[in-house]
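A short write-up of the structure that comes next.
Each chain gets a letter, A, B, C and D, in the order it is written, and its residues are counted from 1.
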Amino acid sequence: MSIAVIYGGTRPNGNTETLAKHATQGIEVEEIFLNEHNVLPIIDKRHDEKGFQDRNDDYNTLIERILRHDTLVFATPIYWYSMSGTMKNFIDRWSHSMRDNNFPDFKTQMSNKEAYVIAVGGDSPSIKGLPMMEQFNYIFEFMGMEFKGYIIGKGNQPGDITQDKVALFQAEELREELRVK
Amino acid sequence: MSIAVIYGGTRPNGNTETLAKHATQGIEVEEIFLNEHNVLPIIDKRHDEKGFQDRNDDYNTLIERILRHDTLVFATPIYWYSMSGTMKNFIDRWSHSMRDNNFPDFKTQMSNKEAYVIAVGGDSPSIKGLPMMEQFNYIFEFMGMEFKGYIIGKGNQPGDITQDKVALFQAEELREELRVK
Amino acid sequence: MSIAVIYGGTRPNGNTETLAKHATQGIEVEEIFLNEHNVLPIIDKRHDEKGFQDRNDDYNTLIERILRHDTLVFATPIYWYSMSGTMKNFIDRWSHSMRDNNFPDFKTQMSNKEAYVIAVGGDSPSIKGLPMMEQFNYIFEFMGMEFKGYIIGKGNQPGDITQDKVALFQAEELREELRVK
Amino acid sequence: MSIAVIYGGTRPNGNTETLAKHATQGIEVEEIFLNEHNVLPIIDKRHDEKGFQDRNDDYNTLIERILRHDTLVFATPIYWYSMSGTMKNFIDRWSHSMRDNNFPDFKTQMSNKEAYVIAVGGDSPSIKGLPMMEQFNYIFEFMGMEFKGYIIGKGNQPGDITQDKVALFQAEELREELRVK
């Protein structure tokens, strides 16, 4: 069993990253920092005769890396009450992968994975971050993935997250869960 | 008084576009198709000494066009239960504009605008699109904009939206509202 | 095929009732006005050795009436951003019916029904009424019922709903749907 | 400064009660068990010439007890993805108190209070309990109360909550917060 952490942040050592690293400390995980890669927005070709075209970016490589793992941790800062555009673009592209002959079993493979979400926001995240969690829930439900849990931390300034004792405790509990995977 | 329609779709003549055009038929509006422009993801520099850096893309030009109008209509397909990554990237960038000396009154100017959302989705959009509407509500609330209304249409295949009589009727009602702006 | 409308309002001829009657005009439906009956709050005995006890109120009679129908329309005013306590008490009691030997097939029978919700509220109902719709969605999902659609109207003063053209149109569309059941 | 805990459960020593007691252990609080009192559903008379009529139940006495305190903890099991009907009836009645000459400053007094919510549910409460938290948020917002925080625990069988380490930790953190009030 193995674990990938997909980071949607755009600032090195951001609060979300700190929290996700706290949760995975001492555990072997593959880390994917989306902002270090070129992932273009989807161009919807679902109804185009020729179908989707390759975007010639890093997306496929990232998907290949992710598909090898059993557990996916989505770690995103809360930007404007939702996941970062960086992460949204990545997920939007799944619509292509589901129809891509290069990934014939994409949805089936994804459906065998377990998912977690770690998110940090500054503006009442435990309330205003809830719609995002509902969306992740719908996303995982659609893919057949099990949504195993989430952590919402509070932070704005760099380092703030280290003051959020509940989030840290939840990260430690999650660490125990991930350790046995 | 004037109106801008900001399109987040990535397919020409998509259902969302059709619905938004139905709502604005016969009314002078400025149309902004985000997918025809280069809008890069934000790189969060809020806590960086030097602050945000210009991304050298089309974003600033688009913001200038938008700021001229009193009413903004956000027209986005529902991708994965949320706005398209294309539109999300555009909104994420507002975090820069709020701290950009080139737009010293950005938030104040935005706070004087009225906002509408038009969205079309395929998977139970009237339920599973609700978290997105809550997010738009939080976004507008944060900016001090008035969220005047929204339409959620149902459609998957091209042209489906023309079968959604309620959405079309709502678009016609919205048209009356927009006509007097 | 037959239809029951379950009213959760507590004021005769309220806006919700007006809207629901607009939707069912000319159609044979059984109307159940919960506020005309005595429905006590549930007393949770799920984990009690003796199980639930009969509450000696009108609840069972109402359930019997409902079970005869294929389509259930839940018509509730939005009180404090949710269904009325009157309707909530009624639904809470389903936890008993699911364990009641007098209704051995309660859940199975319910799972064959289709559900609609009609609700009217005064404080931004199209946004602030959304969590209630998500809850109805979870409720129907749990029971295996199909959530066929909902209407959220806006109204505060008596008669206000007659000004909500979109809600009236939706009610008329719903009427066409119900007519063929 | 003083604290009231308002219990919406209907089973003695339920999981919600256990969690709320864990959070208030060693702290002087006034406990109000709604199910030990007679609180009738509201009858909406907002638009009636004579206005609301006294319901001759225990509601007013309970409101008087609550108004003496600065901090209110709402402790409710999650029944059908929302607060219990018992608690909903209690809150519905606030619509009367806001127009009751016996409580001329009801809303102002309430607006000076801080609120917490403690809830335990069995069916994916951390996701499916979110709409309820959004509703509490709207309720407190309307009343001008500050929503200081919430805990969602997981439990079904009696005693289950003692296995939810995160909820217990959150309760202990809340205890520190309440201790200094």
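Keep in mind that, in the parts below, contacts are C-beta pairs under 8 Å (C-beta built on N, C-alpha and C of every residue); 3 or more make two chains touch, one makes a residue touch a chain.
For clarity, every value in this text was computed on a predicted model and none was experimentally measured.
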item: B-C or C-D - the one linked by more C-beta pairs in contact; value: C-D
item: Centre-of-Cα separation between chain D and chain C, whole angstrom; value: 24
item: Centre-to-centre distance between chain C and chain B (centres being mean Cα positions), rounded to whole Å; value: 35
item: Per-residue multi-chain contacts in chain B, two or more chains; value: 130, 134
item: Touch-based graph of the chains, sorted into line, ring, star, complete or other; value: ring
item: Footprint of chain D on chain A - complex, ascending; value: 126-127, 130, 133-134, 137, 147, 149-150, 165-166, 169-170, 173
item: Interface residues, chain A side, partner chain B - complex; value: 9-11, 14, 35, 41-45, 47, 77, 79-86, 88-92, 94-95, 123, 128, 130-132, 134-135, 138-139, 142, 157-158
